[in-house]
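Let me give you the structure first, and then I'll get to my questions.
All chains are identified by letter, namely A, B, C and D, in their written order; residue positions are counted from 1 within each chain.
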Amino acid sequence: MNGVRGHARVWIASRWDSFGLPALISILLVTFSLLSSTFASGFNLLSNLAFSSLVGIGAIGMVFCIMSGDFDISVGSMSALAGVLGASLVGRIGGVGAVLVTVATATVCGFVNGVFVTKLKIPAFITTLGMQYVYRAIAYIYTSNTPVYIKDPFWLFLGSGTVLGIPFPIIITVVCFAAAVYVLRKTSFGRYVVAVGTNKTAAMLSGINVDFIKNMVFVLVGFFVGIATVVTASYLGSVNPGMTGQGYEFQVITVVVLGGTALTGGNGNMLGAFFASLFLTYLQNGLGLKQVNSYWQFVATGLVLIFAVGINRVKSALLGQREA
Amino acid sequence: MKKILSILLVLAVMAGAAFAGGAGEGAKKEVTIGFSLWTMKYTFFQAVEKGVRDACKELGYKYIMIDQNEDATKMVNDLNSLVGQKVTGIVITPVDPGAIGPAVKKARDAKIPVVCADIGKTGPVNALMISNNKKGGEMAMEYMDKLFKEKGIASKKVGVGRVQPQYTYASQRGDGFVAKAKEMGYTVVSDLVTQPPTAEGGYDTMQQMLSANPDIAGVFFASGREAVGASNAIKAAGKNTLVVGYNGDPEEIQAMKDGIMAGDIAQQPYYIGYQSVMLLKEIFAGKTYEDAVVPVDVALLTPSNVDEFQKKVDALMKK
Amino acid sequence: MDGGVERLRTIQLTKTFPGVVAVDKVDFDVRPGEIHALVGENGAGKSTLIKILGGVYPPDGGQVVMDGREVVFSSTHESLASGISVIYQEFNLVPDLSVAENIFIGREPKTFGGTLVDFRKLNARAAEILATLEMPLDVKSYVSDISVAERQMVEIAKALSHDSRLIIMDEPTATLTEKEVRKIFEIVKNLRARGVAIIYISHRLEEAFELADRISVMRDGRKVDTRAIASTSKNDVIEMMVGKVVKEYFAEAGAREAPRQPLLEVRGYSVADAVEDISFTLHRGEILAFAGVLGSGVHGLLQSLFGVIPKKAGEVSFEGTPVHIDRPADAIRLGIGYVTEDRKNAGLLPAMSVLHNLTVIIIRALSFLRGLFIRDAAEMKSFAAIRARLDIKLAGPTQRIIFLSGGNQQKVLIGRTLLTDCKALILLEPTRGIDIGAKAEIHRILRELADKGLSIILTSSELPELVNLPDRCIVLYKGRKAAEFTRATMDSEKLVAAQIGHTGGARA
Amino acid sequence: MIRFLKLYEKFGIVIFIALGSIFLVSVTPNFLKLDTILNILAQAAHGAIVGFGMTMALTSGGFDLSVESIMALSSVFMAILIPVIGIPMAILVSVLIGSLVGVLNGLIIAKLKVNPLITTLSTATIIKGVALLVAGGRMIVIMQKRFMAIGTGKLLGIPVPIYLMALFFGLFYLVVYRSSFGRHVAAVGSNESAARISGLNVDLVKIGVYVLVAFTGAVASVIRTSQALIGMPSMSPGFVLVVLTITILGGTSLAGGRGNLWGTLLAAIFVSMIYYGLNLINVQVFYQMLAVGLVLMLALFIEGLRVRYLQAAKAKGIKV
């Protein structure tokens, strides 16, 4: 391939990676602001920013996972299980402890998924499909199907509190994404994830322990789902074994893919996931405020996704890769 | 660097938008009702929505509806958004009543009264208009008992098909039914959750109940469309088991007209929606409601009174 | 010869790729009922030629004449349609379909008004074809379950089912056992008897001489000559294949002082379906080449030494101490580097930049706290060092690896191993798919590295590389040591002879 | 051992069914009754039929999450059209409309080369919206009671859905294993490039696959709609996961190449049996979930071991 032309392509593609979605969001924001003053109110923008973090945080782990060439659709049930377990323990071990338990539980679930995938070589999709039933069922049985309420002030603050008028979830999100971006660019682990995702064999020949990396990636999925669960639980003031995390897996995957992470692995875009969560949130919010019939909202969201993935196709075509 | 730039870009636009939009805020004088609804997918909720809308029209209130799309987190965000829009009052039909607490508190802190239209509540709501689910279940049992006696059905076996477990509020219907059944000396031989939570699910579940107890005398379904499916199953199996449903939606009314469904407990979704706004009106006028529960009666529909009921409903919905 | 006789004839056929003329004005012909052997070193242009005939590449110049009519192929189908079947080394079979289905894929006999496949007829026809060729093969068995030789047969049967009049076979026997080879031979002769024209490409001269009626030799994209087997000898052919190999480094050879202390000692080493009982010693600062055509087991041996595939038996000692290498990580830890022959699938990290492709192997060492914080400065430093040392041409460290030229990509892969400052370096096909200029450069680099004390094991299927580069060259044939050459005794003709199993004394 | 494993690959699920039956027979007298058995089979029908389609999708190396929405869409159209053009035509048209969604999926996947998961995830959302729009969000009651016969009627004492299941099993058996199309689907899923070079029109094959999946969805919708006698814009939520579970439990691999229709059929019956049986004995829904999940994981576990064993055998040079 001709280096110069290649380079021009990268130029375009890489600009799309970092500025494509932000541009779309800006357009979206401006349009809706012109259409509705309530949309443009600082409050509305902020509270939706906070709302977007519920999916955004969960998406972080999934970006790692999909970058490494795998997949986890058990995150919804995982979230329910971790949530009820943590919330139920507040009385005994206090808010901080309970929060830690929540995160730990989800992390362990992630680890279990990872073991099935790496050790038994069962495709991630199938494994997590099965575990999805298991985690949810355990959550039901453990609580005998009663919602668990979050009364603990510390925990409540995490999802509903504000610092200098900024909703705390936003701060958590910023920290998480910053950390994730850091891990991806500045740690050897981050490099290994990309390497494994883009070419397993080459990674193995470079002395990388592929199975270990893959397993760690699933642990990360669990970890961030755990954090997301903590925030969500406190945002809702309760955890419901049946409701919490319903459809969460597909929300998360949508955001990750919309963010420009290819399901073929290797090519990931961490901040893209963040912007995608913003984009979808503001899209829904705007349509809602304009009193658009919610049936049309389904159609709109679906079309946007197809469109966005289409664009990523073009991008990866420019970069000379293929999507599976 | 590019990343930072991209973030700055978005932030800048946001700030700009916020600044521009800032002016728009608070400017509105007229009374505005914000309504957050579970979903527009089912007839019941469409009726509630109609009720709220009509009431607002009647009182000349501005009306904003947001669909939760059956997502608890979206519900909370919508509530926050309504608070942000400084609406005068909020009506909510929550998909997850356990999850509205913090949001309701925010609303009340902002001096915005909140009325729950059915389902349930947490947090400092002013009032909850709610169908008497428990009573509905009991009525169903009593009605069955009456029919058994008339038809001279000896079997003391009854069953209940519940809605999905996560909708705890609706399980009271089943609870009410079960309690009453015990009280009246019946045995609840099967107590199942209808899966999937739609008519065809009712069909499957009914078949299972019939296999387990061929002589089951009557079954109460905590949701109407599932009762319709169940009635079809009974008809197909050539049994005479009595089915009583819950809701009073058109499909149930039709099933009763066809004579395959014995009875139905009709809720008054339109009334619930309508009255919720009326409650808010009183609150605006200075009347205090704190954490009040306004039970809304449920009506027993039988083949004899179903027609007039339908006329009433149609009249309301066409208004 | 008059044009009527030939089944296929190429006139001044030419194909150029950036930097190389792969096929250069080739006049070639094959007749009905003839087996025409096509031989030549790798890169001589054989595979490009057959790819043109197979409709994979359009030629840049010249014509192809099939049965007296000029033909132009824009796709593999068109070539197939006009009666040419090419059987490539990597088969085009569908593992999850049966033998019969593979033979007739896309052309299954139908019943019920063309709705269903008539399996009775399908299997019968397949069996028929296999029978006429005396192929002992169950038409119902899945291709995923049959041996390589049997797959070879399926491909041949598939070709026949298209009633192709010309079948081109690319190294059909390379990975087969002696017994299987016999079987394939019978089949090929059988084909000839039925008047099919066959172009038979092989590295094993004795095969060519046993089978073929005529033999054509290619070198550097040109056809050297075509001769009747009867009127030529293996030695002539070898001479034609080798031509004049320029011996640049030999002058310098004298200056190089003789054996240094051993670094890697291998004793009685065996790898399943690769090599049996191989022993050798690699010295410090030595370039040791392993020569061997496909099926000689060289690749298996070297992969196993790096821990990619398990060994069956044998001891390895490194710097005097016995070692166990079960995973590449072990080898890297010891200080052994490895550069794959399959750059695309096993070497490059396509989604990553040149910088990251280079440093991935030592990124942990380049960071504080066991990989928790990558020191950019250190990373750039080692990058700059390698870039300067191998003089890699690129727009910048963040450029995607996939946009580099083959030569520079190869340098990056070599650089990657150098970063581990390994003591021994294993290179498979170090210059495959690289243009002439870059080749020489990589040779120079390897020589310098060796002079600085790095020990290199390499294998190549390109003669000049084997002749010029190494201090020693061990030739494997069918998994066993066939010959060994030092600089002193190095003789390109003997080398080729040994590779292709022709041990009869080539003229010294 | 190897022959057993080969058999297990095809019929392993039988073992689960046997164990399940033994358990249920021992706990309730109502299980071992003709009616119960027939109902279990009848309730397996829609899962099995869509399962056949999904098997095809997985065989081609693809995937379809949009069946649920497709069912809803054709359900709505059926309810709207029956009074207008009569039952047979209405069924025909609505099945056709459902299948058209398959064309859409196929085109996006084959031509735009968008990943099947994302494609069908998106179309699922879109079609859900469309179904709701068409129905105006309402449940549409079907007045023509004769329509019930399809989902609830009996022929010679056997529920119609069972006939349909059998019919479609036969049909798909022919398509998958006996028709050239079916073999080409396997080829595409097994080695796409080889399939291309062998002159197959890969894109067309893929489109065909997604049309077939959509078709099965629409047919299942006919059964379910007739049982409900209501056109539902929000039909059988969560059904697609059940279908995936069935297909995978049946032993069809995500890798593509080999579909296992027998497995799918048996798995559908097994899953139906679990839910039916556990409801017979009033087991709480949560434990039913747990049961399905654990069975699936167990099956996968065994499968994992099986594959490893076979690979080991291959490595040892044993012909498998």
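Brief remarks on what is shown
Just so we're on the same page, a residue touches a chain if its C-beta (ideal position, glycine included) is under 8 Å from a C-beta of that chain, and two chains touch if they have at least 3 such contacts.
Worth saying up front: this structure is predicted, and the values here are computed from it rather than measured.
Across the assembly, the chain pair joined by the most C-beta contact pairs is A-B. Set against the Cα centre of chain B, the chain with the most distant centre is C.
With centres set at the average Cα position, the gap from chain B to chain D is 33 Å. With each centre defined as the average position of its C-alpha atoms, the distance from chain A to chain D rounds to 30 Å. Averaged Cα coordinates give chain B a centre that lies 72 Å from the centre of chain C. The residues of chain A that reach two or more other chains are 140, 145, 293, 295, 297, listed in rising order. Residue positions of chain D with contacts to 2 or more other chains are 132, 137, 285-286.
By the document's touch criterion, interfaces exist between A-B, A-C, A-D, B-D, C-D. Those residues of chain A that touch chain D in the shared complex are 116, 120-123, 125-127, 129-134, 136-138, 140-141, 145, 250, 253-254, 257, 263, 293, 295-303, 305-306, 309-310, 313, 322-324. Across the interface of their complex, chain A is touched by residues 108, 112-115, 117-119, 121-130, 132-133, 137, 241, 244-245, 248, 253-255, 285-287, 289-290, 292-294, 296-297, 300-301, 303-304, 307-308 of chain D.
For chain A in complex with chain B, the residues that touch the partner chain are 14, 18-19, 22-23, 25-26, 29-30, 33, 37-45, 47-48, 51, 54, 140, 145-147, 149, 156, 159-160, 181, 232, 234-238, 240-244, 246-247, 271, 275, 278, 281, 284-285, 288-289, 291, 293-295, 297.
On the chain D side of its complex with chain C, the touching residues are 174, 178-180, 183-184, 186-187, 189-191, 193-195, 197-200, 257-258, 319-320. On the chain B side of its complex with chain D, the touching residues are 40-43, 46, 165, 190-193, 195-205, 207-213, 225, 228-229, 232-233, 235-236, 249-251, 254, 258.
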